[in-house]
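Have a look at this one before I ask anything.
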Amino acid sequence: MTVNVTNADWSAVAPLAIVAVTALVVLLADLLSPKNVNRYAAIVIALLGLLVAGFVDYGQFRTGGDYAAFGGAFILGGFSTVFESIILLAAIGSVALMGAIGRDDRFAGTIALLLWSTSGAMLMAGAGNLMTVFLGLELLSLALYCLCGMAERPAARESALKYLILSSMASAFLVYGMGLLFGASGSVALADLTNPALASSPIFWVGAGMFLVGIAFKLSLVPFHAWAPDVYEGAPLPVTAFMSVATKAATLAVLARVIYAALPAGIGDKLLLPIWIVAAISMIAGNVGMLAQHDLKRLIAYSGIAQVGYILAALAGGTPMGLRYAIYYLAAYTFMNLGAFAVAAMISGDREEGTRLANYRGMSRRHPVAAAMMTFFLLAMAGLPPTAGFLGKILILSASVNAGYAWLGIVLIVGTAISLYAYAKVIRAMYQRDEHAHVSEAHVSVPLAWASAVVCFVFVIAMTFYPHTPSNILPLVK
Amino acid sequence: MGNEGTYPYLLLLWLLPLAGAIVNWAFGPQLKRAAGPLGSAFVGVSFIATVLMWGAATQGVPGGAIGAHQSLFSWIPGFDFGLLMDPLSLLWTLIITGVGFLIHVYSIGYMDGDKAFARFFAYLNFFVFAMLTLVLSDNFVGLLVGWGLVGLASYFLIGFWFFKPSAVAAARKAFVINVAGDVGIMFAIFMIFASVHSIAYGDAFAFTSYPSGWLFAICLCLFIGAAAKSAQIPLHTWLPDAMEGPTPVSALIHAATMVTAGVYLVARCAPLWSHDANAQLLVGTIGALTALVGAILGCGQWDIKRILAYSTMSQIGYMIMGVGVGAYEGGVAHFFTHAFFKAQLFLGSGIIIHALNNEQDVRRMGGLRAKLPFAFWAMLTGVVAISGIPFLGAGFFSKDLIIQGALEHGHPIMYAVGIVTAGITAYYMCRMLFITFLGNYRGNVDPSELGIRHPELAGTPAHEEDDAHESHGRAPAWLMNVPVAILMVPTVLIGWLMFGGENSPWAHFFAQTFPHETMAAPAPVSEMFTAVIVFVCVIIGIAVAWMRYGAAPAAENAVERLRVESVRMPAVLTNAFYFDAALDWIFVRASQLLGTLFGRFLDPQVIDGAVRETVFSAQWLGTLVRSFQTGLMRTYAFLIAIGATIFMIYYALAAGGVK
Amino acid sequence: MLVLALILLPIVVGLIMLVMPSRDENPVLAKSIGTVVAAITFVLALGSKDSEFSYQWLSRPFQAALHFGAGSISYWIVLLLAVCTFSAILATNLPRARAFIGHMLILEGAMMGVFLAKDLLAFALFWDVMLLPVFFVLLGWGEHPATAWRYFVYNFAGGLALLMATAAFGILFGSTDVIGRPDVHVIGAWVPWIFVGFAFAFLVKTPVWPLHTWMPLTYSDTPAPMVAVVSAVQSKAGLYGLIVIGMAFMPDYLKAYGGVFVVLGVISLLYGALTALIQNDAKRVVAYSSLSHLGLIIVAIASFNPIALQGAVIYIIAHGLFSAGIFITLGYVEEREETRSLVRLGGLGASNPKLAGALCIAALAALGLPGLAGFVGEIVILTGVFQAGYTWPAILALIPIVLAAAYMLRLFQGIMNGPQVEDLPVRKDLGWLEGIALAPIVLALVVLGVNPHALTTFDPAAYNATHVNQGVATR
Amino acid sequence: MDPMSVPVADYVGLSAVIFFIGVAGVIVRRNPLIMLMSIELMFNAANLLFIAFSRAWLHNAGHIFAFLIITVAAAEAAIGLAIVVTVFRTARHVDVDDVALMKG
Amino acid sequence: MIAFWILAVIMLGSAIWCISSSKPVYSVVALLLHFAALAAMYLTLHAEFLAVIQLIVYSGAILILFLFVIALLSSGVAPFSAGPNKLPRIGIPAVALLLVALGFLTYAVNHAAATVASATTSTTSQLGAVGQAGVFGSVADFGKALFTTYLLPFEVTALVLMVAVIGVILLAGDATPYVASRKQAAEVRREMREAIVRGGE
């Protein structure tokens, strides 16, 4: 079978292509532009490119045609465009925070890597066969390995090493699982995984198992989560911001596509049971892990572990409503996380004081607005009204209850209760009044960080009162 | 009951004292010395309005019986409020406003120069208003409102000198015990409402089909209130302490009016009582007991006001006994006469105390007859009246009615108790009279020689007297004497109203008020006989008193004799039969103990501790999770491998399953 | 629309006051702004009787609307809230007044939202929002942060239960826009759990023994103006919810668990009264007293008797008034004497007669003096409870009345009576501003005590009527 | 088509064994380079799987996939080595257990 | 048949040698052997192009890279004398567990043969002798698929390599001495500890 590639195919992948090309433009601009402006030039170009990609993506979403490009390697549709847009948001948010990262001579390269990793994530969002899934994942990950090491701190290098080795190991599991899946189905297309004959094929089951191990690692579900706190803590702040959202979003896209469109009928509950179980464990473990943390990035790593558990609770049972609610919560989570990181960036100097919770004590005196915003975002993560986190949790609860997975809903409730306590400790620190807390306070406040914080704030509020869950997002494989 | 209508006089006499209270309270500082006359004026006008109301109430009622009813407003269906004027409430209203007015006038003189002159009259007026609410209300809740408000007024007035710890304590004690009484009435109201679905007297009395036992329960609960308010055993302990208040207060509240509210309540609820013999027996017994105990305790007191207080308690015991056994006219009559002579006694003692700069211990008086002749005559008439010397004082007639009534209603024991008590009463009243007025003045004798162990316990300690009164005697003496003089007239004469049995004006006045149950058997002895026996007892009492305190030899070495008596005074009497201690242990200490247990141990340790533990356990879980986070890459890889292994096991088994 | 203004005006102004840069503190300005806003809110509240606002919020996963309107109970509670906030702000005299008053206003707006909400989700939403200002004030102004955390742990546990119960309600019955709808009456396998969730939140907030241990500490640590509002109104949120949610939608279950509620209520009554007897911290005396008083209302609600319900509403308002009065007065005392210990205080009445008068009236209302509002509530409630056949609860509930007399007089006399304490500063009596702050409360206590007829306008039958069982528009 | 001389199951078993040998290497060795090599082993096990199956199916998708994997593995090795170099450039001994700043 | 088993034994042995040898250089050699055997096995599976790629890319590029790095790192310092083992008893249970997992896996796949054999083959081209043109596994066959059906993945590999290039440049350019940064690390650790202490739990 041969495929003849047309313009439609290329336009289907236009958004990620634009992002990838923007990276090259950034590199060129870095070579051409004088040293003192290149930092901002890079940021501006990157943002422009991402925005353009976003517009194209939105256009695709509006026209909303489903199209299997490149012989089903990339499947354009509401599903892919929605996830792509979320990933783009993450990229924009983290590029906006990049102002103070790394050394000047490596800045453009850093931005380029971020953009490439973005395009990798977007590729995963639309991946229609195992190859694109694998390549997208590797593109995302490889760039992130490098990005993690981009700070002048030993912690950064350490996080890079840990991330590299553990993630490669997980990729190996993933790809081995893909091999077994290929062996079972005789095809690399996700579409052929729906073949009912597979339901009784041991290779398929074992392959799916190893595939899910890889996925669970990328989603940092317990017990595959251990890398996340260390890597998040060591990596530079904007990279962490990107990682905490883009990786999860892209991987969720793959997982959701598999759950909804690429399984033999009737075995979903049995096949995915381990995923739901680890999701439940993650909800609890992630939240209790947050207690007594001393670094914001680490805290958010744990909270991210739990949040992914929530999102999976929505996907449980594979109801269309569940997917819509999961996407809603994912978007909410994106804004909450980026907002929190933006606030942290506001009060960070070149050594990222803004992520050390010790520096948050009495913050309400020094930066009342920043403290208020951070409080808001943390409460949103905790799921208190009136925030999108609150509404999202209720949506997820309804989804899991309606799908017959009420026990996941109950675990969610318990986890939320614990997380309240954990987040409240940070808030407590911010509103403690001890004037004699000698904290190394850097008053760097990046305007872009402010901007993105405000934008996230607005969105988190707006999503609460205009809850829109896109309807045409059911994933397809052909 | 009573014919409906709008009676401006009624509202006027009811609300005028309130207006007075508000005016005095709000503009006290500006009014200065004008407060007294103003306050008195309000009450005086209220009295006049009462008299006019009397006329208005008789209009257009068949048989000239008094009965007027005016409805006011309603809280919720069933809780409708109104004013009722019938012979009973009229009688009380007359006393409250009339005697009240006199005492107001007296107070102008007595309280003259006090820092809080206006406040005093505000309280006094407020009390009059509250008492009127009590007696004029046409339903139980209204009565309860008045009941509580008079308690408040008495609280304020007892604790009027609120810088005196003793006064503060006494006030709180009085209030709390009275609240206990209120609670009793409240529960009675629950039962009445639950069965009648109304709180109006009329409905409650007309209702006949109370569940079995409820009638007694209702009477019992009502009587708890009555007992607390009227200082009946065992809730009487507040009354002697209440003497911490200024003397006019004692005269008005703790002698003439408030403490007789219990009598009013029982008389008012006569229809209930007359349907339940047990309730009658209970009330009568308690009354008799109180009369006796009060009288006995009266013999052991040295503080002139406390002597009067115990006598009040004893006299109210009489009244309660009367209304309890069913001799309602008698009981009410004794209230009527008692109001006059006891007020007079108190006011007389007030004159003495005033003259002796707040000295209240009779042992430090003596020989005052020469110094204060007017006071002597006032006290004398009072004593004569209370001791019940035939035809010379009002007390004779009313007391006789009660004692005879007890016998007529078939309670010989109460009859006996009444007679004995009459003798004791004569004894301790004369004791007080002789010690105070005969012999020589002992005010300059050293207290220890008189056996006064704790001077501060008796009356106002000398050092605080300045706080209370900056200066004495600025007001003319007649301000205090005239009311007493006026009171002498009824003290001596009013009893004749009750003379003549069935066709006395008194019996006529109450013709339609009280239920008349037919006597089981005619009284074994005639009224005349009773009178004689009582007279004999009284004479004995007086004689003993005279021999011990009045006669020349006793008067000679009074100091020595008093010292001996003080020292030898049996502990039972000095401790007033240990009622105080008992109540303290049973209620106060017990609840404090429980409170300490709850507040100091249960709350912080047990309940709160449990919550704290749960929170800590969450943290412990956190440390557990984070203990996997060793920071060593290989641990993480190992975790992944383990997880993968578990996945493999599951999927291999699942694959086997689907095969 | 008016109700929306009621909610948003204080919140917006409060937020503005909070985020203003913390330089150039001007307490007088802040105080006057706060007072004016509170006054405006009160005027609006007066007119909010039949105003309503509704905005369709959620269609998935269930119908929910931002739907607000004053019901027959909430109208009075809203008025109470407006009055108390006005007085409290006027009585504020604290460091960092601007931020504090900002919190007060946010608290007011949030509670407006709670009591005006006609949608369960909006109710739960504002419920949680109303906890935050207290929490932050405890952190910022309280004496020990631990108290704030105790408050947080207890109340957010309750708030969470409320949220989850609400969500479950909506998910199972398709709509949460139900408050005040007489036709809604849910049954089903899940409903007991939903009911338990609601009840837990309500009982924690009220509070009821044994969920009360956060309350004495909170009340004694929170600055007087805020604790006045908290104890006066916030504590009523639970009772209000119990009436308009528990009783209205799940009467079967409220009846089924009625015994438990009565027992808890009676225990709270006695426990609170006895414990109040031995407290030496003036504010804690009042705290435990409100544990006792609110237990009475729980009993009233659980007794399912129309008269008791009438009484409950009256007592909700009355308790709000007198506890606010007492706390504000105690705040004045603390300002003057810099202590709350009944052991140290004394003899204040000689130099501050007006203050003494105010405290006296409030305390008398609290101990149920006939003629003041507290008495009306007590007697009507107990009459109803007794009529409903709960004889022993009624009897036991009478004991705390006597105890109340004891501890309230202990409080009043301990502060105002007795000889002057030498080492305490003697400050001037109430100023006219402070007087104005207290006047409305005292006035209302007396007026409602004489004739509370206005409060009895609502129809209990609407709440405990037994309709045909039916879910809301089922999915 | 002529059947495979060796049943595909044997290839699968072989690759599985190699794969898990690689996993064991990652876990037990403390030398990052050998860890990387173990990972290469794992990838190659996957490769063997793909090629064996594509032979079984006579479907060259497996070949393409193996090609991609080789490419990615190369890139990964390059980056990995670079990171290892930056971390351990002047370390006394190259031991990942020394790299544990962040824990908890 | 015979070839398979010989190659299998070589591969297994070299793999175990690779992960168990104390000197990384030996591991590299073992890996080289492993890859060679693997390439041979590719040939037996008609994957001629991949066999070549395997040799060139792995043996020719990656392993050389490894050698360079080993040389670089061990320059001037004691060659990989293993330091104190932070988790001494982890190896045994790890291997044990893995063997268990292995057992389950092989158990599962032993049932696999039937599935695969019976599956309908969607063949793309005929099977032919190795080296013959246009048959399954031949370069032409491979290339055609790569540039038509799997164009997108192929394009993406370009990005992957680009990332590798740029990333390595950025990373390896770092010249911060690790000793210094160890001091820094100690400092950071101390700060964190103080922070925890100050954080007052």
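Labels for the chains are A, B, C, D and E, by order of writing; each one numbers its residues from 1.
The rule is short, and it goes like this: contacts are C-beta pairs under 8 Å (C-beta built on N, C-alpha and C of every residue); 3 or more make two chains touch, one makes a residue touch a chain.
As the structure is a computational prediction, the values presented were derived from the model and not from experiment.
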Neighbouring chains shared between chain A and chain E, ordered by label: B, D
Top chain pair, ranked by how many C-beta pairs fall in contact: D-E
Of all other chains, the one whose Cα centre sits farthest from chain E: B
Centroid spacing, where centroids are CA-atom means, of chain C and chain D in whole angstrom: 66
Averaged-CA centre spacing for the pair chain E and chain D, given as whole angstrom: 3
Rounded Å distance between chain A and chain B, as computed from the means of their C-alpha atoms: 79
Per-residue multi-chain contacts in chain D, two or more chains: 8, 12, 22-23, 26-28, 30, 36, 52-54, 56-57, 59, 61, 64, 68, 72, 75-76, 79, 83-84, 86-87, 96-97, 99-104
Sites on chain E at which at least two other chains make contact: 86-87, 90, 94, 98, 101, 105, 108-109, 111-112, 116, 119, 121-122, 124, 149-150, 153, 157, 160, 163-164, 167-168, 171, 174, 178, 185, 188
Overlap residues in chain B, where contacts from two or more other chains coincide: 615, 626, 629-635, 637-638, 641-642, 644, 648, 651-652, 655-656, 659
Pairs of chains found to touch, sorted by chain label: A-B, A-C, A-D, A-E, B-C, B-D, B-E, D-E
Residues of chain A that touch chain D when the two form their complex: 130-131, 134-135, 138, 142, 145-146, 149, 154-155, 157-162, 164-165, 168-169, 171-173, 175-176, 178-180, 182-183, 186-188, 203, 229-230, 233-234, 293, 298
Interface residues, chain E side, partner chain D - complex: 1, 4, 8, 11-12, 15-16, 18-19, 24, 27-28, 31, 34-35, 38, 41-42, 45-47, 49-50, 53-54, 57-58, 61-62, 65-66, 69-70, 72-74, 77-78, 80-87, 90-91, 94-95, 98-99, 101-102, 105-106, 109-110, 112-113, 116-117, 119, 121-125, 127, 136-137, 141-142, 145-146, 149-150, 153, 157, 160-161, 163-164, 167-168, 171-172, 174, 177-179, 185, 188-189
In the complex with chain B, residue positions of chain D that touch it: 23, 26-28, 30, 96-97, 99-104
Partner chain D, residues of chain B touching it in the complex: 626, 629-634, 637-638, 641, 644
Parts of chain A lying in touch with chain C, wherever the complex brings them together: 321, 324-325, 364-365, 368-369, 372, 384-386, 390-391, 393-395, 397-399, 401-402, 413, 416-417, 420-421, 424, 428, 431-433, 465, 467, 469
